[in-house]
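Two complexes come next, and they have one chain in common, subunit A, joined by subunit B in the first and subunit C in the second.
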Partner chain A sequence: MLFTSFGFVLFLTIVVFAYYLLPRAAKPVVVLIANIVFYAFSGWQGLICLAVTIVTSWAAGRKIDDLSRLGENPKDANLPDFDPKSYARQIKAAKKKYMLFAVLLNLGILAVCKYTAVSPILPMGISFYTFKAISYVVDAYRSKNSGTATRSLLEIAVFVSYFPEIVQGPISRFSDLRKTLFERQPFQTKEFSLGLRRVLWGYFKKLVIADRLMPAMLLLAADPDKYAGGYVFLAIILYAVTLYADFTGGIDITIGAARMMGVRVSENFNSPYYARSIMDYWRRWHITMGTWFRDYLFYPLNSSKFMTTVTKPFKKLFGAKASVRIHVALVTLILWVTIGVWHGSAWNFVAWGLANGIVIILLQELMPLYKRFEKNTKFAGTAVFHGIQIAFTFFLMAFINAFDIYHGVGEALGAFASVFSKGGFSLLLDGGLDGLAEIGLAVPDVLCAGAGVCLTILVGVISRRTAAAQDAQNAQDFSVRICLMQTAVLFFLTLVFGAYGIGYEAKQFIYNQF
Partner chain B sequence: MNELLQLLRELHPEVDFESQTNLVDEKILNSFDIITLIASIADSLGVTIPPEEIIPDNFNSTAALYALINRLDD
Partner chain C sequence: MKRNNLSTINSRVIWAALAVLICAVLFFGIQRLLTPKYMTSLQEGAMIGEYYRAEHENQVLFLGDCEVYENFSPVTLYEKHGITSYIRGGPNQLVWQSYYLLEDTLRVETPEIVVFNVLAMKDAVPASEAYNRLNLDGMRWSRAKFDAIEASKTEVDSTLSYLFPLLRYHDRWDELSAEDFRYFFRRDLVTHNGYYMRVDVKPADIVPKAPRLRDYSLPDSNYRWLDRMRELCESRGAELVLVKAPTIYPFWYPEWDDQIQDYAEEHHLLYTNLLARSGEIGLDFETDTYDGGLHLNKSGAEKSADWFGAVLKDRYDLADRRSDVRARETWDIIRMDYERMAIRQMRDMEAYGKVLTFTYERTRGE
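Up next is the complex of A and B:
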């Protein structure tokens, strides 16, 4: 069920009504039923995989919690030969077995379903819900205290299958989401109206910007030989804008839908196109995926015996300092190739991951040089220089994403080269407005999407300025009337300028495929 | 302690690590710095910092990090 379908709007309306009308005790059950119904629309077979993930992570979490309790209150603590350190080690080793069982089993299911032809189906959102389940079990294992995992199967089922975020994230952590997910809040006008406005804002970005530009972007991506040179540049820019509007729009709908029911889902973006370096970009884009890979792959891999063994020979060859740098570079490359493969098994995703990793390592190596420049040059502190950094990061990421747009490494590199070839841009410029109309970018489309982008930038600037003060002020200054008026304006704008209607085919969200 | 301070200064010569108490919260150390630091500590001090100990509280100040290393070394 697409977020942009009328079916989803009807579904969400029914769920919200049921959530508030039914008694407090029934609220988690309402959410679970909603999750199951939402999921079943994508095929009932996927529910089996989802159920296996839920039950195994619940069981492992419960066993780990039992062991944590045992660790806190040892039975033999009063015996004279009791050794607390050795006891703690035993408890940890036992916890590790359950953690590894759940993690390996669920990664195995993900691998089989996503990367092999064995499984007849690809369960919806499997990459996202598997990561949520893994973080749940690993967090319980890592925690020094009991109570990190829930003992309730209902709670873990609601968390893992939570319908607003199952399609494309965010990859919430149990410790964050449980704070509001099981609070069973009564209806609050403020939360509901802020949620509704956020949903509408998501629809606006998806329907007025992303879906207007996506057909042209897909057309250009499908035939890089025909649409070479300037068209490739256009495709890369269109992709940057479309991906942003599509993905952040989808996440807005997720966060808004949850908030309408008083649930606060983690933010997944923080003005990514204002990033001043690629590292900064990845701290702002798809934040929950970045922090997931950091906490459950980057850090453990870095501290692993495997990496120590791999980098040992480098110490003898190049010395201690260089071997540390090689260690860090290798961990970074493995991380980024894995993130690439997580997006898809094709080579273009591996190349995309490698490109990210290599650029990050290079820039990190240049950091001392940059710091010296920053210290000794006044220009480095100016708004103009920051603007240059922002533009450079935007174009760098846009070009790296060429591996995402063109579904082959050779195609992507060929397309990339044609931008810089002689006369590359004349292909696009000679076509003029008619050329643009031919690829699906008629003047009204460009005006609608362009105005949408301007509004998005304006809202971004305003919310950045007011964000800090907003939460503190909201309590007193929040006006339901203004919020609902803004929602009505968004509804009107989406209705008039959105890409839908007879003959329109709703576009799948780009991130659904991952 | 001196060895640790030296490793930190190699990462960020411009930071006064003896007085800073919000290294992670103020984003002076990012995840890249942290893994470099952990690899350096493993190499020169022989102490492996496991992922569950990579929390802001353990990295916010040199004193906290030093205490962590001592605890793990025990």
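Up next is the complex of A and C:
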């Protein structure tokens, strides 16, 4: 069920009504039924994989929790030969077994379904719910206290299969989501209206900007020989804008839909195109994925015996300081290649991951130089310099992300090269408006998407300015009326200027494929 | 304290009601603005909706595609035979659309005769979404409309976009013209009780040969719709009459004619193939068609209406409404508009060599 379909709007309306009309105790059941119904629209077969992940995570979490309780209250603590350290080690080893079992099993299902031809289906959102399940089990394992994992199968089922975030994230943590997901909250006008406005804002970005630009972008990317030079540059910029509007729009719908029911889902973006470096960008873009890989891959790998062994020879060759840098660089590369592969099994994604990793390593190596420049040059602190940094980061990420849109690494590199070799922008400039119309960007499309982008930037600037005073949401003087008026404006803007219905192919969110 | 709470609640309710009202007005206002008006082109799109503005005291209801709305003149039926009639025709109207238009019509009036043009019996699937729109968008919200949508929608359609046409026409904002603003509140009329007038002439010089078909069976599903139409007429005491209008093509094969004839005989219905009687009717395809035999012009439509009116009068006990004062008043206005439109179209022909006038404002009672 597409978020942008009338079916989803109807589905969400029914769920929200049921959520508030039924007794509070029934709310988790309502959400679970909604999750199952939503998931079943993508095919019932996927439900089997989802059920396996839920049950194994729940069972492992429960066992780990039992062991944590045992660790807290050892039965034999009063015996004279009781060794607390040895007991703790035993408990930890037992917990580790359950954790590894659940993690490896679920990673195995993910690998088989996503990367092999063995599975006849690719369950919807498998990358996202598997990561949620893994974080749940690992967090339970890492916690020194019992109670991190839930003992309720219903709760874990609701969490893993939570319908607003199953198709494209965010990858919420159980500890974050449980605070509001299982709270028996009454209807709150403020939460509901904020959620509704967020949903409409998401639809606006998706339908007015992303779906209007996407056909042109796909057309340009489909034939890089014909659309070379300036057109490649245009494709890359279009993709940057489309990807942003599409992904953040989808997440807005997710967060808004959850919030309409009083559930706070983790934020996934923080003005990523205002980032002043690629590292900064990745702290702002798809935040929950970044923190997931940081917490469950980067840190464990960085401190693992394996990596220490691998980088040991470098210590003798280049010295201790350099070997540490090599160690981190290697872990960074592994991390980014893994992130690339998580996005998909094609070489494009590997290249995309490598490009990210290499650029990050290079920039980290250049960091001391930059620090010196920043310290000694007044210009470094000016708004102009910040603007240059922002623009540089935007174009850099736009180029790296463009690996996604071409059919192969070679094709992507060839297209990039043509920007500099095939007459630059003359093709575009000569074609003018006709040239744009030829690629499916008629004047109304440009006007619509352009106005949409301007509004998005304006909203971004306003919300950044007022960020300190809010969440606008928490401010005392928050006005439901103004919020609903904004919602109505967004509704009508999307209704009229959205690219949907006949003549526009309904487009899945880009991140759904991952 | 209680009074304060009550006044807060009251003010909230009022505010919410006002907000909903404003949104609804905006929604329907935008929808009205963006929905095509069909006044300066593709006037056929305005036909179905016009029915609701007419008098609903008709003895005969015509249903079908362009073969009814261009080939029978209700004014002639009234003036020559005293029969009041309305044509609820639409371009490429399908059998089930005719059925639901009949249901829709029976909500407001019960004609004595329902005339169905059988050419649509050949089509079991909608030709396109565009034709669906021309036949369904004009219908008012009703169960009949909803069912017609469900029966007609193509793979690319959604029911919601028929119920709320804004969802279909939202992207017309970049092609809004003076027409959309001019006809925002009220549209002109394009038909005379459903009849779409053309006075120009284009002889049927070249009649292409009918291609052979692999299978001449009319689709079973259409017979089921025809059964439903017949049963509905029976339940309301109306007589169903089947006709094949007198146009040369789209081709009407003898094999199809036989099947309809058999159906009519089996169910004791009157079936008249006016094409086979065109000589008797007095039709001359040199002068009575405006597009080479596809449709009749005013002259042809009047001849076929006159002939068919006589058939109906002969077979059924239809009262002559010419002496009915109320009907006379109504039909005098329709006739005046009809004659004025004919004069305007003739003038167009003289001045520009083609018809340019397709809409008119209803004459007020004098």
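Definition applied: the second predicted complex is superposed on the first by the 507 of 514 C-alpha atoms of A that agree within 3 Å, B and C clash if a C-alpha of one lies under 4 Å from a C-alpha of the other, contacts with A are read in each partner's own complex, and residues count from 1 in each chain.
The rule is simple: a contact is a pair of C-beta atoms (placed from the backbone, for glycine too) under 8 Å apart; a residue touches a chain by one contact, two chains touch by 3 or more.
Note that the structure is a prediction, hence the values are computed from the model and not measured.
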item: Partner chain in contact with A:452 - subunit B first, subunit C second, else both or neither; value: neither
item: First, second, both or neither for A:272, with subunit B first and subunit C second; value: neither
item: First, second, both or neither for A:224, with subunit B first and subunit C second; value: neither
item: Partner chain in contact with A:300 - subunit B first, subunit C second, else both or neither; value: first
item: Partner chain in contact with A:328 - subunit B first, subunit C second, else both or neither; value: first
item: Which of subunit B and subunit C A:340 touches, first, second, both or neither; value: neither
item: Superposition-derived comparison: subunit B or subunit C, residues of subunit A touched; value: B
item: Which of subunit B and subunit C A:6 touches, first, second, both or neither; value: second
item: Shared contact residues on subunit A - subunit B and subunit C; value: none
item: In the complex with subunit B, residue positions of subunit A that touch it; value: 142-143, 279, 283, 294-295, 298-300, 302-303, 308, 315, 320, 323-325, 327-328, 331-332, 360, 364, 371, 375
item: Residue ranges of subunit B touching subunit A (in the complex, touch as defined); value: 14, 30-32, 34-36, 38-40, 42-44, 48-52, 54
item: Residues of subunit A that touch subunit C when the two form their complex; value: 6, 443-444, 481, 484, 488, 491-492, 495-504
item: Subunit A contact footprint on subunit C (complex, rising order); value: 15, 19, 23, 26-27, 30, 34, 129, 156-158, 160-161, 166-168, 170-171, 173-174
